[in-house]
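Each structure below appears as structure tokens.
Both of the next two complexes hold subunit A, though its partner changes from subunit B to subunit C.
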Partner chain A sequence: MTDDIKNGAETADIEFRGVSRHFGDVIAVNNVDISIPRGGFVSFLGPSGCGKTTFLRMIAGFEQPDSGDVLLRGESVVGVPAFKRPVNMVFQHYALFPHLNVADNIGYGIKQVNRKISKKELATRVGETLEMVRLPGFQERNIWEMSGGQQQRVALARALINRPNVLLLDEPLAALDRKLRRDMQIELQNLQREVGITFVLVTHDQEEALSMSDTVCLMKEGRIVQTGSPQDLYKEPLSPYVADFVGKSNFFKGISEGAGAVKLTCGRIVEGRAPLTVELPPKSSAAVVCVRPEMIHIAAEGNKGASEHAMYFTGNIVNRIFLGENTEYVVRIDELGDVLVMSSRLSEASTGTFEPNQSVTIGWDKDATLIFADT
Partner chain B sequence: MKIYAIFVYAFLYLPIALVIFFSFNAGNYALDFQGFSTRWYAKALTNPFIMDALWFSVKVAALSAVMSTVFGTMAALALQRLSGWKRTFYDALIYVSIMVPGIVIAIATLIALVTVFKFLNPFLEVLAPLFDGQAPKLSLGFVSLVAAHSLFTMSLVVVIVRARLSGMDRTLIEASEDLYASPFRTFVQVTLPQLMPGILAAFLLSFTFSFDDFIISFFVAGPNTTLPVYIFSSIRRGITPEVNVIGTVVLVGSLILLFSAQFLSTMGKGKKRSASKDDSDDS
Partner chain C sequence: MDTSVKTKAERRRKWTTAMLLAPATLWYAVLLLLPLVTIVIFSFGERGPAGGYIPAFTFDNYLNLPTRSKAFFNTMTLAPLGTLACLLIAYPLAYYLAIVANKKYKTLLLVLVIVPFWTSLLVRTYAWIFILGGQGLPKLLAFIGFEGVRMINTPGAVLIGIIYIYLPLMVFPIYVSLEKLDTRLLEASSDLGASPLRTFFQVTLPLSIPGLATGSMMVFILLMGEFIIPQMLGGGKVYFIGNALVDVFLQSRNWPFGAAFAVSLVLIMLVTITVYMRYMSKLAGGRDDVSVM
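Right after this comes the complex of A and B.
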């Protein structure tokens, strides 16, 4: 079955049909079917070693699939070498040519395709592209005279100037510091809207994937386990793996009672719902209950608030992590073990902050509870 | 500095300093200083035997350096593609050929060449009518010396270029292919410029090796005289300031070449290091 990211798209820019790639005993990419329509910003998200880079390299042409078919705009490109494919890649460590200056790096692709291009035309296009990545006037700079962020932009310019059908980005922001990474996330998004071509980004950083792309494909051990909008992945994870990888989650094990209820190992019965499009586990089968930390209400014991929710428990705070906009508490509950609770500054305005060892009550609603089959 | 260190340095450099000093001797004997003069420079540089030997040495060094650089670079590129035991095996062969003493190489080359010539020359007799009855004859000389020097210095080139190659960022090649450059153009536009400092350094080292070499030349050059061979034979007739002049000139020339080699081989690396140093700060 093919994961169609958007229905009604004309020919997809990229299509994988049952593609696998092994390295010895390791299955880097395992029977992947995916269709990526034109003009979107798609992220492939997954832990290190799950096959993201291999997936990207098969689009670029640096790896060939062992089985299955890779299509670019409807044509199979299996066996077509990288230099004949209309896609460009931004490498993780940029891979800028150290013996060429910025202008020669950026003009490299054009010169390969059109060897007779006039100096003037080339200079104009290089200049335009440098402005697009906000590095005007950097033509004569040497690569080693530029900071990491600037090199990143040169790498982007070097790819975008060729007006490829698809731009591939392999963990493009991993080497940048936090603030610069935020800026580049916004810039990349703007750039994608401006040029209108398909961006395919792979990353292990969920924040990066969620904040930039319109579609996220979550990968696990060479397979795509869920495809959807960032909101979908966050709110309607299809499995505990997704719920765990995208955002933070608390998991409690139990036995399904059927009809949207689970009997936890401590004996309490929790009510909840299955994610959209997923069946509830059948009665008497093992189940996992998932609750997001920010959906849990926390209040001092005895105070109203938390105990008004469908589910509530009492316990002690064992740890407090101040994150600026939020505070994370680890609350030790006898029945559940350690529960992660996130409290925003806004809610703290009414509840106050809590100290380690303080007795608190936590509670959440039925709507905030997702029930999965435990596999 | 410790006193013995001073002795070590003195022992190393005093003789060299003396050679330079006595090359400006006005007197007729190498070690009998009669005042400053450059008259032995004029004499040495107009001595046809010296100039012939010098010219012969330069020709041999230049040609063998070119050959060993070209073939050594090709060999290094090919070795890079091998893997497993094959690579270990051929690598070991290269290192062994560097470590074998020059005298062994010299004798082995001499015997090999003489044997081959002995085998081939009767066949060349057949061609006699084509050359007015005077059949071409293979013998020791310029070509055999160039061949011997090329073979030996090729191992040096392989080792130097290999070091450069393994330090090279492989993703640069992929980046070039991603930007529509064919493998050949990638080689010319990316791989070769990346290797160039190493290749040049290897060339200069090969040149100096061949130019300085005495042992192999002595055995394989046949009737021709290289500069070191000439110096050796002239010393047997007594040391004149002329020999000091040659020594000084060769020393200066070799130093210039060695320093350029050193400079070239570190130049590219320095750039690379500073390029990756400040990865995380923007201006």
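Right after this comes the complex of A and C.
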């Protein structure tokens, strides 16, 4: 089965057919089928060691698959070395050439492809590319004189100057501080729209993947476990693994009652729904119920609001984490254990804030409850 | 802040710095600068009737240097040639050790490069006399039909000895600079469309220039003063400035003439090294973060 990101796409930019790659006994990429259409921003998201970097390196040509076929624009590139592939990469720590200045780093790619290029044309192309990454006039700078963010832009310019079919980004923002990372996320998105080529990003940072890409592929142990838009991945996770990796989730175990209900271990019955394309676990089988912390309403005990929801419980606050725009509470509920609840500042305006040891009621709706088979 | 405490601390720091630098300064002043000045003064003097030095001021010693031009010629051809030969042989070896070799055997292979140092230089050079002498390689060559090949006491023999003795000194600095090389830079070069050969000339080689320059300098400087290898493998026919110095100072006891020799050797080295280092740091991209030595 091919995991088509968009149906009806013309020739895919990148296609993997049953690709596997082993390192000794470790399976880095396990029988992956995927087709990435032209012009999108695709992220491969997963914990370290899930095979996402190997996946990227196989597109770049630094690794060859043990089995299966890798196609770029419909042509198999198995055995084709990296320097003959029409893809370019932004490396994790940029890998800029320390012995060359900015202009020579950026012009490096052109000089390999077109050895007879005139100095004037080369300078024009380098200048244009520097403008594109918003570093005009930096030609003569040395690499070690630049900040991390500037080096990042040089790396981008260097990878884009040959106008590749695909730009590969290996954890490109990992070395930047939080503020700069935010800015670069927006810039990368704009840049992708501007140049119109396929961007393939590899990251372990879910925020990065969700904020930048049109499509996210979540990986686990060498396999792609879910492909979809960031909204899909967040709202309709196909498994507890996805719900856990993307965003935060509360999980409660129980036995399926069938028909969208689960009897929790404490005896209470919760109603919910299965994610869009997944079937509800059959009656009497083990089930997991997932509720996102921001979908849980919290109110002081006795106060209405929380208890108006389909499901509600009463417990004590054991921990409060102030995050700025939100506050996270850990609420100890006798029937459920510790439950993570997120309260926005807007809702705090009506409920007020809560102190540790305070008795509270938490509640959520049927729509906010996802039911999975417990495997 | 109390200023007296500050100045006290400052004074103590200066004192510590002075104490730390004292041994090296003393060493350079007494054992390098002082003898050097003495040699320069001697080089303008005259030989005494029974040898030694008589104070005078004459340029005769320098004007007489051309009578020994052979020594200058041998040193200034064989020293650069030996350095170049060491470089050409050491680079692939260092490259193999640093980049290609399996990590498991790396240490063992590195030890093998040092092992010759465990034996005396004299013994090793002596061994070459037998290998290159009449009963050695020439005899073997005669056996397979190449009669009358003379090896010992030729410039070739001296060159072989030089390469054999100095190779490790070249291998190690190059090895270190290649070992430090970030392999992602090689991948980046390949990713941008450079073939492995172009990657080597555009990335690997420029980034290993510090090691290459250090190795070349060490070998070249030592070779300029070399006298044992030409003595033993050149048999007095291929003699270096070093041999001439021994000869003039100890045999003829003409100290002023020897001093002129020594001064000119220092000047030649000063000029060649300066030019060479300028050129090398230019090749390394003019980076001031990389010291060439």
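Operating definition for what follows: the second predicted complex is superposed on the first by the 375 of 375 C-alpha atoms of A that agree within 3 Å, B and C clash if a C-alpha of one lies under 4 Å from a C-alpha of the other, contacts with A are read in each partner's own complex, and residues count from 1 in each chain.
Operating definition for what follows: a residue touches a chain if its C-beta (ideal position, glycine included) is under 8 Å from a C-beta of that chain, and two chains touch if they have at least 3 such contacts.
Owing to the predicted nature of the structure, the values given are computational and were not obtained by experimental measurement.
Once subunit A is used to superpose the two complexes, subunit B occupies space that clashes with subunit C. By the touch criterion defined above, A:Q150 reaches subunit B but does not reach subunit C.
Using the contact criterion defined above for the overlaid structures, shared-chain residue A:F62 touches subunit B and also reaches subunit C.
Legend: residue contacts after superposition of the two complexes on their common chain; A:K116 is shown touching neither subunit B nor subunit C. Residue contacts after overlaying the shared chain place A:H93 against subunit B and subunit C alike. Contact with subunit B, but none with subunit C, is seen for A:L176 once the two complexes are overlaid on the shared chain. Looking at subunit A, you'll find residues 60-62, 81-84, 87-89, 91, 93, 95-99, 108-109, 112-113, 142, 144, 158-159, 162 touch subunit B in one structure and subunit C in the other. Here subunit A touches subunit C in the complex through residues 60-62, 81-84, 87-89, 91-93, 95-101, 108-109, 112-113, 142, 144, 158-159, 162, going by the rule given at the top. Contacts from subunit B toward subunit A in the complex involve residues 169, 171-172, 174-183, 185-186, 189-190, 193-194, 268, 271-272, 274-276, 278-283. Contacts from subunit A toward subunit B in the complex involve residues 60-62, 81-84, 87-89, 91, 93, 95-99, 108-109, 112-113, 142-144, 147-150, 158-159, 162, 175-177, 180. Listing the residues of subunit C that touch subunit A in their complex gives 182, 184-185, 187-196, 198-199, 202-203, 206-207, 284-285, 287, 289.
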